[in-house]
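Next come the structures, one after another.
Here chain A shows up in two complexes: once beside chain B, once beside chain C.
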Partner chain A sequence: MTGLTRVLRYLHDFAAATHAVWLREVLRMLRDSGQIVGAFSRPVLWVMIFGIGLTPYFRTGLRETTFMVPFTYIQFILPAVVVLNLMYPAIQSAVSLIWDREFGFSREVFASPTPRSAVFFGKLLGGGTIAMAQGLLVLLLLPAANVPVSYASLLGALVPMATVALAFTAIGLFLASRMSSFQGFGVFANTLILPAFFLASSIFPLDPSLSMEQALQSFPAWLVFLVHANPVTYAIDELRWVMLGYRQFDPITARTVLSAFVLIPVIMAYHAFRR
Partner chain B sequence: MIIAGIIMLLAVRELPPDSSLADVREAGTLIVCVPPSLPPLLIPQPGSDRYEGTEAALVRSITAGIGVSVQWNPQPGWGDTIDPSDWGLRPSACDLVVGGIVAAEETRSLLELVPYHTVRWAFAGDPGAGAVGLYVPFWGVDRGRAARWLRDEGYDLRFFFNADVAREALSNGEVRAVLSLEPVAEWIAAGQDIVTPTTGLPGETLAVATWKGRTTLNRAVQRAVPSP
Partner chain C sequence: MTDSAVIEVSDLRHSYSSVEALRGVSFSVPRGSFFALLGPNGAGKTTLVHALCTLLRPSAGHVAVAGLDVRRAPRDVRRTLGLVFQEPSLDDRLTVFENLVFHARIYQVPRRQRRERAWAVLELVELQEWANAPAGNLSRGMKRRLEIGRAMLHEPSLVVLDEPTTGLDVQSRRRIWEYLERLQRDYGVTLLLTTHQISEAEGADLVAIIDRGELQALDCPSTLRQRIGRKLINLQIRDESFRQSLSERFTGRCTQRDTVLQIEADDPDELLRELVADEERWTMVDSLEIVDPSLEDVFINLTGRELRDRTADGMR
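On to the complex of A and B.
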């Protein structure tokens, strides 16, 4: 067997193992009725009830509001709900790691010649795929928010969506690698998701026309700091730019933060997983 | 279960997000805020509360589509200052806002626009050498940019704030030409074949508008208005 054949054989086996783990994750989600109910109920609750309910208080008629922004509240919140519907399934998909450890599946897989990295990437891509599917469901509500849909905007939305999906799957895998109880993982996941969502300028805007000094006069400094320090802020901002042509933050900063946001958790999760 | 969920989302998104269209239908009248006069887009009819003109015709096609009558609500302060907050326009005064609105950041921030026509800038008259007038009664247009461009081209610039005055100044030779958006430039030219489009300034998109948050009414307007 030549060196090249051996490399090709290894790559084939690696891809086959990754695919098998990926498929297992996706099938597990399709059979999990709780996840499916959550995937459909979150957009309805947040967009159709919360979004429509608060829209009248966000009208931008002359002299009616503080902010002069080119969108309605339901349009403003919709990209944030896309991200929320990515975060939950991405983190929850990592629960499978605890299940696999609990019921001995991990032992069998790790005893086989399958590379651990193939299992890791199968789980990462599986969680990412599940999250992307649930995030895309929210886009079905774009017409309800009067947001014109174009192929260009849909394609443009995929990049920030994939970033959040992979980053939160990796964070979930990192946490699950270090935890042994389902309850503990659930508490950690919620403790992470909800603050990350609410501190991402998801449900209230920081007025983009204000300088940092002016923003600090409108909002408490700790809140402005946390919103700016939260990587999810920039993912939502990128989605708003693609969908509404509106952004609050510098695009170069946003893309730099998002690149780091996907790379760092993936590297950390990979190392935790290999141990 | 997944198919049922998708069907639910598709059904739920058809729920009306507000009652603005229902309110207009119940009242049987669409109230339209307009500037006092903006020929040839909006021309008040003496002795009546009606308007004629291209945008008045557009409003009639919108009301025909919704199945209601039109009630004009002229806003005397429209265009008086550079800050639209001072014009007296309020969401409680009307359902639709019409009158030379151009798609721009300022107008998009305040209103939900329905664009209907893209137009070029044009000179009424031959600018040649001498004074050139600038008449920009459009909400959202960057007047400063148009003025800078004229100055950069070496024209002696005069500002006009009234269409009749601009037309009069052109006819009596006070200015050699008047720059405006093409439909208004043609009106100022008074039927003469002296209108020349210019590519020195980018085209603008005219729009009608609803107030923000009145989504069902905005959708009904979109259905009645041609795409630009």
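On to the complex of A and C.
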């Protein structure tokens, strides 16, 4: 075998193995009725109940707000719900790693000639795909939420969505590589997802018309800080920009943070996985 | 290294922190043979198997599979191996067929052959009707059969089975046995099997007895049995005092299990003549048999311990 054919052979095997692992993740999800119920009920719950319920308070506000935005509350939270429906399945997908260890399937994979890195990418892409599918599901609610979206902006939405999907799958894989119990993982995942979601300017906006000093007057400093430090904030902001043409944060900051938000967890998960 | 050997192990050593699991094991497995690794739990069998299938890097020594060094070419070694693990390793949510196709993909079976081979192995282990059932619906015995079929999917030259019949009922066990014999006979596959059950080793071409991380003996079962040289006489005697007096007379040469007294004899004829001579007591013997020593006896002879007792301890 010449060097080139060997490289091609390796790439082919790598792709076949990645595909196998990816396909398995997707098939497993499709057979998990709990996941599918969650994928449908979560957005409906947030958009239909939370969204409709809070709409009257959004413009007037329960407290004195100086804040007006040119859209309804449902329109405002819809991008955030897309992100929420990405975060859950992405992290959840990594449970398969613990599952495999517990029920012996990891032996079948790790004793095979497949390189570990191919298994890792299969899992990462598999989790990402599952999350994207559930995130896209939320977009079915767009007509109900009365958000006018063009096909072009839908394509644009795929980028920040994929960022969140991959980043949270990687975070899940990182955690699952270091944890041995399902329960521990579940608790950890939940304590991570909910604050990351709530502190992302998702269900209440940090008033964009206010300067930092003014924002600090209407919100406690820790809250303002956490919202700014949370990468999910920028993902939601990007999505709002694509879907509603409205953003609260500087686009360059947002895109830099999001790039780092994908790369760092993926690299960490890769190392944790290879051990 | 000989061409006819599929596995060459020389001076293999491995320690887990302070425990020495393998203390210098050497042997070779001829191509096409059925090789049984017999020993109690905790003897080092699984460590040895893991070293063979490159799941573990041994502390010292050399292992070659199909002429390939496990340390230098682990991926090539894995391609030539079919593995059946002690614990189940199927994805219960995938169907039987999907499990096989997954295996074909990660073992780099060419795309055009995947489905064809998956059907072929399903036929081999007689699970065609279950192809589209989730693997989780199979019984334990069927899962084991599927795993054996799966191990054959990428056409390995060697199949390694770690305690393949553990936890199975007698019927499933027998069935698995038939498949293994067929593999060896029809496909010319070399089989390496670990077991702590003597009966499973009896049918092998070669038996390696391993205990406390060391190889105690390696030969074909009949030669191993002949090694003891003696015959065994089993006497069933209900009368306790008679049993007592006999066991005192043959101290060191007899063992007792319930009402059965087993006496080792270099020359059984002479011993029997002596027993029959005592007419009154002879009538108290309920049954008598003369048997060749079993592998279990060989094991006791070599290690001074019984295989069963240690497994009953649940030692690992």
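FYI, the second predicted complex is superposed on the first by the 269 of 275 C-alpha atoms of A that agree within 3 Å, B and C clash if a C-alpha of one lies under 4 Å from a C-alpha of the other, contacts with A are read in each partner's own complex, and residues count from 1 in each chain.
In this section, a contact is a pair of C-beta atoms (placed from the backbone, for glycine too) under 8 Å apart; a residue touches a chain by one contact, two chains touch by 3 or more.
A quick note: this is a predicted structure, and the numbers were derived from the prediction, not measured.
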Side-by-side fit of chain B and chain C on chain A, or clash: fit
Contacts of A:Ala39 with chain B and chain C, given as first, second, both or neither: first
Apex chain A: angle to the C-alpha centres of chain B and chain C, given in degrees as a multiple of 10: 160
Partner chain in contact with A:Ala144 - chain B first, chain C second, else both or neither: first
Which of chain B and chain C A:Ala152 touches, first, second, both or neither: neither
Contacts of A:Thr72 with chain B and chain C, given as first, second, both or neither: first
Which of chain B and chain C A:Phe103 touches, first, second, both or neither: second
First, second, both or neither for A:Pro56, with chain B first and chain C second: first
Contact breadth on chain A, by residue count: chain C or chain B: B
First, second, both or neither for A:Met48, with chain B first and chain C second: first
After superposition on chain A, the shortest CA separation from chain B to chain C (Å): 17
Complex interface listing, chain A residues touching chain B: 30, 33, 36-37, 39-40, 43-44, 48, 52, 55-56, 58-64, 68-70, 72-74, 137, 140-141, 143-146
Chain A-touching residues of chain C, taken from the complex the two chains share: 53-55, 75-76, 78-79, 83, 85, 87-94, 98, 102-103, 105-108, 111, 134
Residue ranges of chain B in contact with chain A within the complex: 1-2, 5-6, 8-10, 12-15, 17-18, 84-85, 87, 89-91, 105, 108-110, 112, 211-213, 215, 218-219
Residue ranges of chain A in contact with chain C within the complex: 13, 16-17, 19-21, 23-24, 27-28, 31-32, 103-105, 107-115
